[in-house]
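Structure first, commentary second.
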Amino acid sequence: MAITDRAEAPVAASTLQVLAPDGAVVPGARYPFELSDADHVGMLTAMTVTRRLDGEFVNLQRQGQLALYPSCLGQEAAQVGITSATRDNDWLFPQYRELGAFVVRGVDPAGIGHMWRGMAHGGTGLIEKCCAPITIPIGTHAPHAVGYALGAKFDGVDTVAVTFIGDGATSEGDVHEALNMAAVFQVPCIFVVQNNHWAISVPLSAQTRVTDIASKAAGYGMAGVRCDGNDVLACRVVMRDALLRAREGRGPTLIEAVTYRMGAHTTADDPTRYRSEGELELWRRRDPIDRYRSHLVAAGIWTAQHEERATETGERAAKRLRDEVFDAPMPDPLSVFDHVLSRRSGELERQRRQLARETGRDAT
Amino acid sequence: MAITDRAEAPVAASTLQVLAPDGAVVPGARYPFELSDADHVGMLTAMTVTRRLDGEFVNLQRQGQLALYPSCLGQEAAQVGITSATRDNDWLFPQYRELGAFVVRGVDPAGIGHMWRGMAHGGTGLIEKCCAPITIPIGTHAPHAVGYALGAKFDGVDTVAVTFIGDGATSEGDVHEALNMAAVFQVPCIFVVQNNHWAISVPLSAQTRVTDIASKAAGYGMAGVRCDGNDVLACRVVMRDALLRAREGRGPTLIEAVTYRMGAHTTADDPTRYRSEGELELWRRRDPIDRYRSHLVAAGIWTAQHEERATETGERAAKRLRDEVFDAPMPDPLSVFDHVLSRRSGELERQRRQLARETGRDAT
Amino acid sequence: MVEAINAGLADAMADDDHVLVFGEDVGRLGGVFRVTDGLQARFGQRRCFDTPLAEAGIVGLAIGLSMRGYRPVPELQFDGFSYPALDQVISHLAKYRNRSQGAMPMRVTVRIPSFGGIGSPEHHCESPETYFAHTAGVRVVSPSNPADAYSMLRESIAGDDPVIFLEPKRRYWSRQDLALPVTTEPSDRARVARPGSDVTVVAYGAMVRVALDAAEVAERDGGVSLEVVDLRCLAPLDLDAVLDSVRRTGRCIVVHEAPRTLGLGAEIAAVVQERAFHSLEAPVLRVTGFDTPYPPATLEGVWLPGVDRLLDAVEQVLEP
Amino acid sequence: MVEAINAGLADAMADDDHVLVFGEDVGRLGGVFRVTDGLQARFGQRRCFDTPLAEAGIVGLAIGLSMRGYRPVPELQFDGFSYPALDQVISHLAKYRNRSQGAMPMRVTVRIPSFGGIGSPEHHCESPETYFAHTAGVRVVSPSNPADAYSMLRESIAGDDPVIFLEPKRRYWSRQDLALPVTTEPSDRARVARPGSDVTVVAYGAMVRVALDAAEVAERDGGVSLEVVDLRCLAPLDLDAVLDSVRRTGRCIVVHEAPRTLGLGAEIAAVVQERAFHSLEAPVLRVTGFDTPYPPATLEGVWLPGVDRLLDAVEQVLEP
């Protein structure tokens, strides 16, 4: 059974690309000339920092500081390219693997650490940055993005809702209902599918019969576009277009960013049980950071100094994350009774007093 | 707001048609020459009987004998054309409006009456005819058809599962999950969407952004085909092809039969609140029975005698239905405790004894 | 009651631009029960609109609208069609405030025409309250009369919590002279619907009428005085009124249509026996639907708890 | 316990060609907990296969396969991901036999790794039993030890009813010397896991271990003798063993992880107080999770019922 066929195929011809894997501009590509050198430096820095932080999260998990962590290794271009095109008040509705998006938005990584350490569901510090809490049940957040976008449309503002889902998520009924509603209501909502070829151990070919997830858009009467998800400029370009379409009231877009999950599904997973080293090797050669760096170096935009500074920024961020995670105080046991409803019922107060007694705390 | 635009448009060009509304064969049409005169007479008879019975169900509801009834008026061609192409052991998974399918299969209409009279959930006499019970929760039966088809595939037989859904049902997550799984597993399952342009009061244009439901198939990597649902021969042709594809192991098909719900959604509904007389008038002119009759009369296949015999058969069936419904005995109260699980728990026995006491019955 | 709910929706929409009404067939048709009749005509398609046929999507949409500051009031057309939305309710609507450390309250009122007794086919007569009431993070309420329907709906929409608003279809056509707006007791509190001294009968929704009728009969025919408590709020439960009553009567019966096992009667019996143990002269009894699927319409009359089944239980708890 | 379930699946597949195992990641990976490890290699892709990521579809698929004569054993990957399938369970799996007048029994065993206590993130530690147990037409079982896990699974798969099979993840790595195949008590019956005379403690799943540990401590430290009843079957409930026990001890405590309101403790308390009213020396108490969303992992230790919370309740019921 050729279960890895799709991940091993070259990225398909109809897939928008700006940079070839070696960093050269693809002939005839729609190059985003509107980006300043500073923009480019910012993007590559964000990708570099993302990778460093991602590695640190994996380390922290190995050291027993986190219960679990889903690495975004290899998906930095998709996440940074997409998110850097948004405005700070466009709302993001992430799945759980979107560290790159959070880095671009300036979310404190410790807040993500709090989630995986088991201190705060959904993470902390996200909402302030217009990011919905991290969502674990696959695809269920997609309708929220549609609702948010509908509200923005009603408000007459040009704010856009962006939801990140995976290739696996496309099989879920909630995603279908969301796509359909977004199209029917013509809301400013963008569905970003990071097609990383795997849903835990299930390859794309066992998830859907089509090889091209963007082709699903047509059945909803929605714009669909496919880009090389390891090409940050391609991601940026398609997202720029989709945002414009959304802001102009021309409706939603489904973007498929073709990329690859280079790490395990989460730190609890062992991918050697289900995929080949050869496949991984192939994608290593399509590394999104190497590609962009080659391009920017060749263009004279990225210097050794930039590299050094980005590495340093990454190191500092990683160290801060480490410290914050290690130093994080245990949450107050009684906090489990907070934020259930706007006020506590009599029964909940009784339960709270019980736990206060058990833990030697003051229930007042 | 032009909410009735799609129902008022002429049936689109890409829609497979064999007969024009006046009964003439469309130039270049794929005429089902394999049908014998007897086949044709059988189909038109089934359509005629369906319409007569359908009217009788509505009458019975008006007379207070049924709690509710969803009329299939106007959809006879789609139901008879599709079902008459199947073999008797292909399994049908109906929604609730498929009287025409049941007539073709020879289901006793009284069993359908039992459902709407509130005597037996799901109807009676269906399973013997390889029809799943009538299903009310929209779209939820689609995955059952996929499971059944998967089982047939595993068994190595060429039995096909056919599920009827509505245009409204296409919005439901369960239908999406079913379509996707059918494509991934390449099962012999056919999804028949009767696009009757309305889901209660919600027009197609508020249900989906596309005008062509068959186009949704492509996103699943599945064959999709659209036919004039008021043209029984067109329905028969596309179904014949889909069945062949399924039996040969070439996977599922989505068929959109473009038709129109000429009656109310159910007897409890008042369609004058939401749709125009003009729209209805337009579809009256596309009546599926008139069309087929004109064709068969012109072809010398259908005579006055056939007409008489079909009318008589319809009358007899209607009378039998009326009698059976009027004479139906009240179900035994204690039957509510039957068929909950394979055996009754102690608690359920206690509850049964309680009801026996209340109703003066013997609980043994 | 339909008119009261309709007025409640209209007044809430008039008072606050952020109140939105949507669902299947709620727009031009005005809902299959006409509960939303006239709202689209009066407030426009932005404020009252039809959605595609997708219940999970409808609740998901409401969650997103709430995040954007709206107060959505989605309708799920019937009890049995609320089940496709259970995951959105359990995993999100109920947990969003918690998961966002209080930053994202869910100001969503999900209206569901509920319960049996109107001769409908399968899936149109379910009692879904346990599924919701067991779920921490949502309020579940059910009015038994038009005044409460209006008042509790207004309070639910104006409040800061997600509310599952179960409307007893069987009481939809009940009428009451009402000068609107009307404000009844807070919707998280139970109410004594009829004072009495011998047995406490706890009911909600359409069963309150059954309990009141039984009280009438018991008084007249047997000289037995039933105190009827209308629960109103099914979650979080406020059983103070019930406990007060039981401490006086020493006897308690809970009535509901839902199947017995893990119906609300279970919780109420558990709490009453725990917190009024020494007052109880007899076990708390439950008068309920049976542990079977809801039966076909011709049998719902014998299946549903009625006055007789309730009076049987009254006799039992009064046995010496 | 993982090995016992794996063996139970393998033996069932070997005995009956019609047994099929499927779900997310159950094939090549062997399940995220390795419960289905090796099944695809041994029985082939037809008998053990991965599905797309769609829980409603998975249960729907099982229903259709059962209609075709198969005995599907789908896995839903975690408790919290069973909710998208609730509608298929409530509206179809539980009702199909009824709706077909007995002609279409649902021979489906839905395996769900369940409950908390393993340090997982949100949605991976839910106690979904009430949603299923309140639904007439399905059986709900939960084994507390490897022998039961094997035996009850075999019985569920071989039976003629839909079974929701809740596997306590926290006990997955528990071991027991077992000569397989092993047959324990019928899976619709409770069992006294430890005889005692002072207080009846009812538990199931991972809480049986907690109850047994508490019994040890109570005996040793206080000379109090707890009788621990392992419920095993959560629906339909068979409380004869519990009632027998309570009639002897006069005291009853139910322990479960699920939130208190409408958790199984409610039903058990309601039945016990009804049917053993005159035997009770103290109210039935419930030792449970709180009425909140399941907390983040660092707090699950204080949130979950443990030996101390249970012993507190023991003290309470023994107070004069």
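Order as written gives the chain letters A, B, C and D; numbering starts at 1 within each chain.
Just so we're on the same page, a residue touches a chain if its C-beta (ideal position, glycine included) is under 8 Å from a C-beta of that chain, and two chains touch if they have at least 3 such contacts.
Model, not experiment: these values are computed from the prediction.
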Compared with subunit C, which chain's mean CA position is the farthest off?
-> A
Between subunit B and subunit D, what is the gap in Å from one C-alpha centre to the other?
-> 40
Centre distance in Å when subunit B and subunit C are each reduced to the mean of their C-alpha atoms = 36
So how far apart, in whole Å, are subunit A and subunit B when each is placed at the average of its C-alpha atoms?
-> 44
If you average the CA atoms of subunit C and of subunit D, how many Å lie between those two points?
-> 30
In subunit B, what residues contact two or more other chains?
-> 120-122, 137, 140, 171-174, 177, 180, 184, 206-208, 340, 345, 347-348
Which residue numbers or ranges of subunit C touch two or more of the other chains?
-> 52, 54, 56-57, 80, 83-84, 87, 91, 95, 98-99, 122-123, 136-137, 236-237, 261, 290-293
What graph shape do the protein chains here make by touch: line, ring, star, complete or other?
-> complete
Can you list the residues on subunit C that touch subunit B in the complex?
-> 24-25, 27-30, 32, 45, 50, 52-54, 56-57, 80-81, 83-84, 119-124, 260-261, 290-293, 295-300, 302-303, 308-309, 312
In the complex, subunit D touches subunit B at residues 20, 46, 51-52, 54, 56-57, 59-70, 72, 87-88, 91-92, 95-105, 136-137, 139, 159-161, 188, 236-238, 240
Would you tell me which residues of subunit A are touching subunit C in their complex?
-> 91, 120-122, 124, 127, 132-133, 137, 140-152, 154-155, 161, 173-174, 177-178, 180-181, 184, 338-342, 345-348
For subunit A, which residues count as touching subunit B in their complex?
-> 171-177, 180, 183-184, 186, 206-210, 215-222
Footprint of subunit C on subunit B - complex, ascending | 1, 3, 67-68, 115-122, 136-140, 168-169, 171-174, 199-202, 206-208, 268-269, 273-274, 330-331, 333, 335-337, 340, 345, 347-348, 351-352, 354-355, 358-359
